[in-house]
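Letters A, B, C and D mark the chains in the order given here, with residues in each chain numbered from 1 onward.
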Amino acid sequence: MTMAHIPRQILDELRDVLDQTDPRQGELFVQLLLAAKRIFVCGQGRSGLMMKAFAMRLMHLGFTAFVVGETTVPSIQGGDLLVVGSSSGETATSVCIAGLAKKAGATVIALTGHPDSTLARLAHAVVVLPVRNIDATHSHTRSNSQPLGSLAEQSLLIYLDAIVVRLMTETAQTAEAMRARHANLE
Amino acid sequence: MTMAHIPRQILDELRDVLDQTDPRQGELFVQLLLAAKRIFVCGQGRSGLMMKAFAMRLMHLGFTAFVVGETTVPSIQGGDLLVVGSSSGETATSVCIAGLAKKAGATVIALTGHPDSTLARLAHAVVVLPVRNIDATHSHTRSNSQPLGSLAEQSLLIYLDAIVVRLMTETAQTAEAMRARHANLE
Amino acid sequence: MTMAHIPRQILDELRDVLDQTDPRQGELFVQLLLAAKRIFVCGQGRSGLMMKAFAMRLMHLGFTAFVVGETTVPSIQGGDLLVVGSSSGETATSVCIAGLAKKAGATVIALTGHPDSTLARLAHAVVVLPVRNIDATHSHTRSNSQPLGSLAEQSLLIYLDAIVVRLMTETAQTAEAMRARHANLE
Amino acid sequence: MTMAHIPRQILDELRDVLDQTDPRQGELFVQLLLAAKRIFVCGQGRSGLMMKAFAMRLMHLGFTAFVVGETTVPSIQGGDLLVVGSSSGETATSVCIAGLAKKAGATVIALTGHPDSTLARLAHAVVVLPVRNIDATHSHTRSNSQPLGSLAEQSLLIYLDAIVVRLMTETAQTAEAMRARHANLE
């Protein structure tokens, strides 16, 4: 396949995944975000990068948001929300951090491809992004055109950015207000 | 709009952008990646996160890849390739780093929405991702359904992951070989 | 030299550097930190790591602190303080960021070994850490027992941690209050 | 205390800690570093920043070094060395990563204040940095002039930089060769 065709195929596969998400899980996610005192996000590898992209937009929307592992992250407490992204739901450090957050009294929501995973069972709420056979570590077959977890990570980004669009409406934010909060030292 | 409709609209807008990319620019990009001694990637904000996601896959493919600004990045030299992602093409530190890389004798390729930007004019090669009116800093109108540079950043991720699919073919890599290189400490 | 002697020699050289700092510059630094609405820190390479260590303690002390380049950093504004660490005072991206911060109306303080550097002349206030002949990029002689900028980076850490001790007194913080703010997700 | 006196007191306390380290543990550490195929470093919080500073110097010395959690880190294997810094030796994610590395067949060395900690017992080799009563999470008394783990983190930096001086001799590296490897994109 050439560069004229590959992006279209990826978008078709993304549509398949996103069409199968449950809108009610998305609405619960939005409510948990709106209710949270502060929002902490967490993920490893490329999933972690997509979670960071989400955290940045949460800040632009006026939420108090932190990325677990960055320098000036305070302690998590009751009333705070931890959002964890892990396609397999078995990533060791993410499961570990979700457990610590729950112990500290925070609410935990997991975005995962595996609703029966350790992470999903540990979380208070789950958003299932149903990408089959793509887990980087555990699976040995491929049913989509991309290697490793690429389809899962792309689904995570698009899904979270759809949540951002919903949050803009819910919080009546304008793009201008968001732009004013955008980092100006880069 | 609800969570049942927003992801579909985002994917439609992504298709519009990716359909307008020039496949010849993509093929030149692939050739530069294959020819490079080592590959350095660079970007700020959410574009920077997408560039990191690309660097991780380059490593999985067996390339020697570095993210500018991370801890153990060596000095760039002649024969090396710097890949810079900046939708506006005016991000100050990215322009600054592209200039330093060029001075050190490296090849510079820019992925940008603005082929007439400072970055694009400074680069040896350009891939244009034609996202209109979405630049986070410079624009004041919106022609897509998302705030700030979200559409540009999503386009960047999908486009770079399409390049990864092309590179898999070119280097005859299997998903299994890539999985074996995947970080196992996370 | 063996591991029984090297640490002692390093500490002797550190004492030489720190003894030559001007306590009045330190007291001005403390006043600027106490007066700032929010504190942004910035640095590259190992100096940047020492600046991050400082930002973390500022958060523990109850200050609102950000590391430039991390995910959820908001825009800098008038009333904010940018603290830049650069031994040479010529690091391109740090000089660039200091210029952007000044343009945005923020106060800039530089910690540097070179009071006549581009960064020092650009900053509103300067703390001189007088480490001679150690600059990683510009110098070609060594007058201390360590390679590259190690002595400068160690001086930066110890100096900033001395500022932390001063700030504890000034803000009447206890170690217990600081511990309660410490990240609990790691 | 004023800025004229605090740095001296910190240096005195650092000397106390470093004088009590066991030079034989340092020599074993040097041998493990020289024997390793590749070196991975790991740590959380400020200890993690000091480990990163060490990884950067390892790269300057010509070692193949990675920071666990950064973007282009490959999988760890037999023949590789994981260096973990944790003053308490109980930091959950560091213990978790040390376990994964051991399972993957890598050698694990721990730098810690607590030789009887979970991390120390899990590691193949241990360097004890005997900082008493300073653990950020577990201790409730202070026997030094600084809050939280500052003395431990400073000890870690100075100790690791002493190891760097030893490695320069062992590998017959010059400062000039190290400077040539220094990042030139910053």
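Everything below uses one rule, namely that a contact is a pair of C-beta atoms (placed from the backbone, for glycine too) under 8 Å apart; a residue touches a chain by one contact, two chains touch by 3 or more.
Keep in mind that this is a model prediction, so the values were computed, not measured.
K.L.:
Indicate whether more than half of the residue numbers at the subunit B-subunit C interface occur in both copies; give same if so and different if not.
P.N.:
Same, since most residue numbers here occur in both copies.
K.L.:
Centroid from C-alpha atoms only, then distance subunit B to subunit D, rounded to Å. What do you get?
P.N.:
Distance between chain centres, rounded to whole Å: 34 Å.
K.L.:
Return the distance between the CA-based centres of subunit C and subunit D, expressed in whole Å.
P.N.:
Each chain reduced to its C-alpha mean, subunit C and subunit D end up 21 Å apart.
K.L.:
Enumerate the residues of subunit B that touch no fewer than two other chains.
P.N.:
Residue numbers touching two or more other chains: 44, 52, 56, 69, 92-93, 97, 100, 182-184, 186.
K.L.:
Testing understanding: with touching defined as stated, what is the shape of the graph linking the protein chains, line, ring, star, complete or other?
P.N.:
Chain contacts: complete, every pair touches.
K.L.:
Provide the residue numbers of subunit A that touch subunit C in the complex, in ascending order.
P.N.:
Touch list, subunit A to subunit C: 40, 42, 52, 55-56, 58-59, 65-76, 82, 97, 100-101, 104, 180-186.
K.L.:
Over in the complex, which subunit B residues touch subunit A? Could you list them?
P.N.:
1-4, 6-8, 10-11, 14-15, 18-19, 21, 23, 26-27, 30, 44-46, 49-50, 52-53, 56-57, 60, 91-93, 136-137, 140, 142, 145-148, 150, 153-154, 157-159, 161-166, 168-169, 173, 175-176, 178-179, 182-184, 186
K.L.:
How about subunit B: which of its residues touch subunit C in the complex?
P.N.:
On the subunit B side, the touching residues are 44, 69, 92-93, 96-97, 100.
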